[in-house]
Amino acid sequence: MAKKIQIGVIGGRDVSSEVLMLAEEVGREIAMRGAVLICGGLGGVMEAACRGAKKVGGTTVGILPVLSADEANPYVDIPIPTGMGVARNAIIINSCDGVIAVGGSYGTLSEMAFALQKGIPLVSLKSWKFDESIVTAESPKEAVSIVFQRIGME
Amino acid sequence: MAKKIQIGVIGGRDVSSEVLMLAEEVGREIAMRGAVLICGGLGGVMEAACRGAKKVGGTTVGILPVLSADEANPYVDIPIPTGMGVARNAIIINSCDGVIAVGGSYGTLSEMAFALQKGIPLVSLKSWKFDESIVTAESPKEAVSIVFQRIGME
Amino acid sequence: MAKKIQIGVIGGRDVSSEVLMLAEEVGREIAMRGAVLICGGLGGVMEAACRGAKKVGGTTVGILPVLSADEANPYVDIPIPTGMGVARNAIIINSCDGVIAVGGSYGTLSEMAFALQKGIPLVSLKSWKFDESIVTAESPKEAVSIVFQRIGME
Amino acid sequence: MAKKIQIGVIGGRDVSSEVLMLAEEVGREIAMRGAVLICGGLGGVMEAACRGAKKVGGTTVGILPVLSADEANPYVDIPIPTGMGVARNAIIINSCDGVIAVGGSYGTLSEMAFALQKGIPLVSLKSWKFDESIVTAESPKEAVSIVFQRIGME
């Protein structure tokens, strides 16, 4: 029984409505490919991505910095309330086969750094581009497609 | 949309076949009540409980101490490879609404201590009984039933 | 240049004045042997042990569950504010060559479990005695002496 | 009794000899101001900075990703072997009043992101400059001076 692919969506809480729409579409694309969506479990990009995944019947995991599962957004199926603050950013990345960054600020940057250090596929969609090695995408569909290609699933 | 109850099964890797059978039945009982099974993701009690849950179509999460999802037992649906060693014991307990200890040694003891500190329902089945406050059960069915009662779900 | 021995003092915040006096003496005995005192950095047993160590010129490290160094007790030289809650209990034990438990409740129990799992010398002074393998002491001097003997330093 | 200032030095293991010389001088400058040097405890920039601090009698703390204190570089006074992998990067930043990045790769980038998120003074010396808000310095002395000024100590 093969495990499902796990794809992370990382990004901030205070983002524009345009970025939220992109995040929702990223979540939908991930779920439509049968992968589990991993995220930080809070609002903003995390909530939009989970909503997108749930609209098409996907499964969502929220690895929270806080202790209370009640702080997970309503589209998280499985909350993991670590109580570890930003140290949970490392757990998010360790739990993913590939990652898509959508918008985001310094928390997202730390997660992108962990993904690059670990060497898993990472695509930036309207997010940080601090390095020549960052792969960028122009659309949610392209972002998800690149990540799945690099995992060897598309 | 109500989140599913999340029940932890904690216990060791080197346990008797009798304890493994109990753990498998605990896993099955949890899944039959529609709850998500949370565990440490490795072998022994963790694997037996996940196997029991999967036999009846349940969902299993393995919060691993190591960095590699490949070390999860084959019955884990969603591996969370924390890379944090035994510090992940705290995350397991933080992710549960209630916990059942089956057999186990010092790792299990640390998790029972965290559960008591957090104040979530905890039942011991052939496991540690270091304190008058520890609730014990004689059978898997009784153990799961007590935990669900204490959560207010039975 | 040999590193100094690092000895943990674990115990709770709400303890009797008798236990606080024991903890202070444990801290003093550790510092007088030239070891660094490691603790959880908060009040109660942790503060009393740090105070004892500082009275004789020792060095104290507080590995805090919270994010703010300001919550360390005033006798902590080096605060390590992990922001990781009780998961920091594992870091405390990982940082010690030996551990003395003085009083304490479930948090202390989790740390004793981690110490036993790691296999480092552990002595219980008016604390948990859940297992035949727990070594107990009748006085602070005896507790510290046993731990140093077991490390091979006395 | 005022606690000492704690300054982090972050940077990679595989760096040029020029960067190592800068790191050593940064460590010396920190120690000469009476601050405790916090780092990741391993080789490269971390070891060079600790060596610089020890040459002038400073105090050094190594917050290690691994479980063994023996992996700390020989200039670490107080090893904190977290056993938490890169999640310890968050603990390093949480333990600092200010941070200096010297060279470094993705691990360093994650730590810079955490420092910016936390809002503590951060100076980059031949390290990442991914954002207009990153303050850079041309020399170790300037880097340390800027951090102390921003903490309000110079």
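Each chain gets a letter, A, B, C and D, in the order it is written, and its residues are counted from 1.
Keep this in mind: contacts are C-beta pairs under 8 Å (C-beta built on N, C-alpha and C of every residue); 3 or more make two chains touch, one makes a residue touch a chain.
All values reported here derive from a predicted model rather than from experimental measurement.
Note on connectivity: the fewest chain-to-chain touch steps from subunit A to subunit D number 1. Where subunit B touches subunit C, over half of the residue numbers in use are shared by the two copies, so each contributes mostly the same positions.
Interface comparison, A-B versus A-C: the pair with the greater number of contacting C-beta pairs is A-B.
Its C-alpha atoms fitted onto subunit D, subunit C is found rotated by 180°, rounded in steps of 5.
Mean C-alpha position of subunit A lies 27 Å from that of subunit B. If each chain is reduced to the centroid of its CA atoms, subunit A and subunit C end up 40 Å from each other.
Listed for subunit D are residues 67, 82-87, 90-91, 94, each touching two or more other chains. Residue ranges on subunit A touching subunit C, taken from their complex, read 67, 82-87. Those residues of subunit C lying in contact with subunit D across their complex are 1, 3-4, 6, 36, 59, 61, 63, 67, 69, 72, 74, 76-84, 90-91, 94-95. On the subunit B side of its complex with subunit C, the touching residues are 84-91, 94, 105-107, 109-110, 113-114, 116-117, 128, 130-131.
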